[in-house]
Amino acid sequence: MELIILNVLNGVSFGAILFLLCSGLSLTFGVMGILNLSHGALYMVGAYVGWSIAVHQGLNFWLAVLAGGLVAGLLGLIMERGFFRHLHGMINEQVLLTFGFIYILTNLCLWIWGGVPKAPYTAPSFSGSFDIVGDWTYSKARLVVTGIGIVLAAVLWFFQEKTRIGAIIRAGMDNKEMTIGLGINYGLVATFVFILGCFIAGAAGVIGASLFGVTLDLGMSILLLALVVVVVGGKGSVQGALVGGILIGLIISFGKALFPQISTFLVYLVMIVILLIKPSGIMGKKVQDR
Amino acid sequence: MIELRDVHTYYADSYILQGISLEVKEGSVAALLGRNGMGKTTTIRTIIGFTPPREGIIRFKEKEIQCLKPHKIARMGIGLVPQGRQIFPSLSVYENLTMAARDMERGDAWNINKIYNLFPILKTRTRIKGTLLSGGEQQMLTIGRALMTNPALLLMDEPSEGLAPIIVEEIGHIIGRLKESGISILLVEQNISMALDLADYVYIISKGVIEYESKPDDLIKNEEIVSNYLGVAGNE
Amino acid sequence: MKEKKILFVVVVLFLSLTILTIPFSAGYAKSKNTKSIKIGVLLPLTGPYAMWGKMFQNSMELALDSVGWKVAGKKIELIIEDEGGEDVSMALEKAKKLVEANRVGLLLGPFYGGSALSVMPYTSSIPIVNVKWSQPGKNKNEIGNKYGFWVPTTYPDNTYPLGQYAYEEKGIRTVTTIGSDYDCAYEFVEGFTDAFKSKGGKVIQQQWAPLTEIDYTPYLSNLKMADAMVIGTLGPPAKLALFSQYDQLGLFKKMPIFISEVGTLPSPVMQEMGDKIIGVKGVEKFLTSLKNPEAQEFLKSYQAKYKSVPDDKASDAYSGMKVVLAALKATGGDTDPDTLKKALLNVKLNLPPGPFQFSEGRVGMVPLRVSEVQRVGGKLQWVPVKEYPGRPPYVETYP
Amino acid sequence: MITVKRLYRPAIFASYGPYMIGLAIFLIVPPFLPMYVQSIITKVAVFAIFAMSLDLIMGYTGLLSLGHAAFFGVGGYMAAILIKNFEITNFWIVAPISIVVAALFAAVLGLIALRVTGIYFLLVTFALSMLLASIALKWNYVNGIYGMAGIMRPDLGLAGFRLNHIKFYYFVFLILILCYFLMYRVVNSPFGHALRGIRESESRMRALGYNTWLYKYITFIIAGLFAGVGGVLFTYQSGVIAPQHLGVTVSTLAMLICIIGGIGTLWGPFVGALVIILLEYFSSINAPERWPLILGGVFVIAVMFLKGGIAFHLKKLWNKMFLNGSFKG
């Protein structure tokens, strides 16, 4: 029983990080049709920037979250304005371009921050643990991360479902041409969504770093999980990213506890099964042939 | 209000509009008639900028708009009621109406209450997803959505398509009321009788060129044209 | 359109120039210069082990500085190539390039164990001395190279004293272990458990996580309580994540930790981890707190030149280069593999970790220190608590 | 008679010139290069085969695969298993078995992957290749994370004949030419034309009565087969095969080669392989710490400015020079 509770907690908190990372990826994918493989690299950049602020400069953790997000958002702005707008509908090229950005960003991080990995850092008030079931204690930081995930999910859900710009974004995913025909500058909206996605990725990097620290291969390894989450949850919706993130988080956490030997490929198996049963993902809408 | 001069449009390699010229005068309804596949919808798409013309001039409110991006064209005051209605399925009725609303500050501007007055049925469905409405309600929603952008000109692409006759009549009434309120309308139709009732001027398009234009009364008299270009529909 | 054309021309020019000019740049002279000794080095300058690549380069250059880049009257030329990250074919490619294009007299590296294994069949097939920093395991394949030398001791031998220490000095009777799921970590853990079990201790649980794992909480949630936990995880990121998650679960108070390589916890990172890691025990050859003159000299000159603190692996690089230099001095700069091999086997030196010599199986032997994290002068440091003398690897089965 | 010949010669030169020059360079120059460059040129030929096979599905059929390295790796692993674990050294036994196994994998994985289209196809292929890579990573039989090393140049079973560097290069080059012509036959057959039809509009081809799924499936298997050829040769060339070679990095490398060289032409990947492999190699030598930056920069430059690929622009240039500017794509 304790084991189940602990693993659920683990899974949900890991899922919360995955959600933070994927909500942006999924939105960009839904709105612009761009599969931004450099999303994981932006997460990493955010985490490094956060480290500089929170640990190196010793400033407030939340300031670090903001700074990580802003730097990643700025990179997103450069990517979108400088590159992606010239590659409409060219999926090959987009995939390759984002992959190129992984190389570039990773090497720049090596250049700026050196190869020494950074230890997990967090606000002092969230470090440590408190008692839960039995003689077991649980990590405060993980619960805070879960909380942030839930709050952000609620905020994003409200943004997407209850505001006018959210309605425009959803309208654009349904029918881009019609949205433009109603006089909406959808290019601008898409840029905004792209930057927002990158911002969330960067902020997620700082939040994720409070549990996992930062290393140079994070850009690639976290991306693989993020892609799985997007596929499982379905693109373009906050609910999808949340459901996918938490589901994958739980699968990973229970997989490690119950079948450690196959836990690594369990997620890929789940992804393949879901793609075959419902290619649009659990919460996704119908798939359009591109 | 809007004027097309010798407009040529291509879809990739196929040559669709082969020199169209037409005009909608301010406050009037012009009808564009013709069979399927003759270029009616392409004309609408060309005006709004989805498939910009390769040659020719489109003038709206005395400005050339053929080089502008679609959203800029729409923002100049053109409302689009597209073929097949194209309601956004993920949006509620309310959101469908409000998402593109603009120019609300004008005194006589359209707003959500005015739309609900015009289409009382929509008010009762305000929280429902747009695509769950009946065909007629969807058509009303589409018109309402276009009106919320406060256009000076409405481009209506077959608003009667696939609707029961009684609903068509209602839509016809609404178009009439819109015309009275001073909006110019370019009406693309296959329903000849409705178009002739509403229109101040009629164009007939065939294979990408305007074959005939006149007042509606003159067209009714000209049975040869009606049977050649509009088929049996004109005999009803 | 015109702009695009110009851009295209520029790009093509750029590409063709890069490709055409590179082969003619430095280091490609074919002639065999007998006036200088060429040493080829493979280091991880990119990828997940990049933090050590730079440190290795620094340490080796430091060792060379001390002899003025000259030995037996001949100039030493260091040719460093990137072995990449985990794509092991790159190291092999570069090894071939060093041997065949640069005609290096001897080869140092590579660093990463996987790369070492991919390079090994090639270096075994040619007569060239290859001094490595990877540690040999129990895998017999690894020792096919009769000109291969390993500066650090073997994986299991490294942790063997720690197992003895835990049982004898600390009264630990049961342990639970966690490690990365691959050979290297298996053998680190095995060294500990072999010693521990031979004394009568009991291993009650063993967990293995994927190499790139960053979330250990699920494993920790599964943990069976024992007298101590042994960590055989490699790589600083994994260790850092594990430590902070261990702390977040409040486990530091409940179960002490023994780790395999203290060098994988770099000093700046230790300071970030804070007081919670005080009392963690580990085992290593070189520690910054060593008092012998060689260690002090190495520390001082490294800090003076590079403004940072070297770790055990840096000392390996330094030691390796020192040993090579001593051997080259003995041969008069001759890099003939048999002569050099003989010279290397005869080298006896006092190095930063202590007296060094190769075992018959060509594995380096230095004293090992069981040590503990303590706060010394406001800084967290590894402080040696017991020294175990260097001895031939207990898995010595080399031809 | 003579005048006719004279008129004809330049025309032949004009249309086949680039191929002839390219062939001549690749036949004549290598013996004069240093040995390690020969080894790199051999790698170029290997990746040319691999990238061509990717081009079959990407360029001609319009399927975006991010998991093509799976078949490359399976071919390579199979060869390594036969050589190291079964101790079969004869190339003529090892290669066919490995290639067939790669094709079999393609046949099985194709059944899964081809159930979806577009970007989802990209994701499924990606997941499948990562699945294989993570299995290889855990499987002790294939040496797990370290990969299988120490594979020597192929034994061709001819008494007294050993392949040295340059002979191995010619051997690989010969196979490259062979693969090129086989794939050339495929893409220029009615089958190949149907593929291009599918790329342009799958629904139209379906309406015309083609079983488009079957066409795609067969192409997927053929591509897997040739990727297997590349994989086998890669194992021999590099002497090592590791889990990374099944994964996404190698797949994107091939994709980059195709895009830089030119999608939808078979010799485009060849040019691309030459540029990319040499660039990767030499930049990693000249800037050991910064080569990923250079490579990433090339990704970006290639995508932004080399639309259509080098092959396309080279051909345009050639046609301008020798065919009076009349350009036929």
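Order as written gives the chain letters A, B, C and D; numbering starts at 1 within each chain.
Here is the rule we go by: a contact is a pair of C-beta atoms (placed from the backbone, for glycine too) under 8 Å apart; a residue touches a chain by one contact, two chains touch by 3 or more.
Here the structure is a predicted model, which means the values were calculated and not measured.
A.B. asks: Measuring from the mean of all protein Cα atoms shown, which chain centre lies nearest?
C.D. replies: Given all protein C-alpha atoms shown, the central chain works out to be A.
A.B. asks: Farthest chain from chain C, going by mean C-alpha coordinates, please.
C.D. replies: It is B.
A.B. asks: Chain B to chain C: how many Å between their CA centres?
C.D. replies: Taking the mean C-alpha position of each chain, the two centres sit 75 Å apart.
A.B. asks: Using mean C-alpha positions as chain centres, tell me how far chain B is from chain D in Å, no decimals.
C.D. replies: That gives a centre separation of 53 Å.
A.B. asks: Measuring centre to centre with CA averages, how many angstrom lie between chain C and chain D?
C.D. replies: Roughly 37 Å, centre to centre.
A.B. asks: For chain A, which residues are shared contacts with two or more other chains?
C.D. replies: Where chain A meets two or more other chains at a single residue, that happens at 107, 110, 264.
A.B. asks: Would you give the residues of chain D that are in contact with at least 2 other chains, written as numbers and ranges?
C.D. replies: If we look for residues of chain D contacting two or more partner chains, we find 137-138, 289, 292, 298.
A.B. asks: Could you tell me which residues belong to chain B and also touch two or more other chains?
C.D. replies: none
A.B. asks: Name the touching chain pairs, please: which are they?
C.D. replies: A-B, A-C, A-D, C-D
A.B. asks: Note which residues of chain A are touching chain D in the complex, please.
C.D. replies: The touching residues are 33, 35, 83, 86-87, 91-93, 95-97, 99-104, 106-108, 110-111, 224, 227-228, 231, 261, 264-265, 268-269, 271-272, 275-276, 279, 287, 289-290.
A.B. asks: For chain D, which residues are in contact with chain C within the complex?
C.D. replies: On the chain D side, the touching residues are 34-37, 39-40, 43, 137-138, 144-147, 149-152, 238-242, 244-245, 249, 275, 278-279, 281-286, 288-289, 291-292, 298, 301, 305-306, 310, 313.
A.B. asks: Which positions of chain A touch chain B when the two form their complex?
C.D. replies: 164, 167-168, 170-171, 173-175, 177-186, 285
A.B. asks: Residues of chain D touching chain A in their complex?
C.D. replies: For this pair, the touching residues of chain D are 58, 64, 66, 112, 115-120, 122-124, 126-128, 130-131, 134-135, 137-138, 202, 248, 252, 255-256, 259, 263, 289-290, 292-293, 295-300, 302-304, 307.
A.B. asks: Which chain B residues qualify as touching chain A in the complex?
C.D. replies: 48, 50, 69-71, 74-75, 80, 82, 86, 88-91, 95-96, 98-100, 102, 145-146, 149
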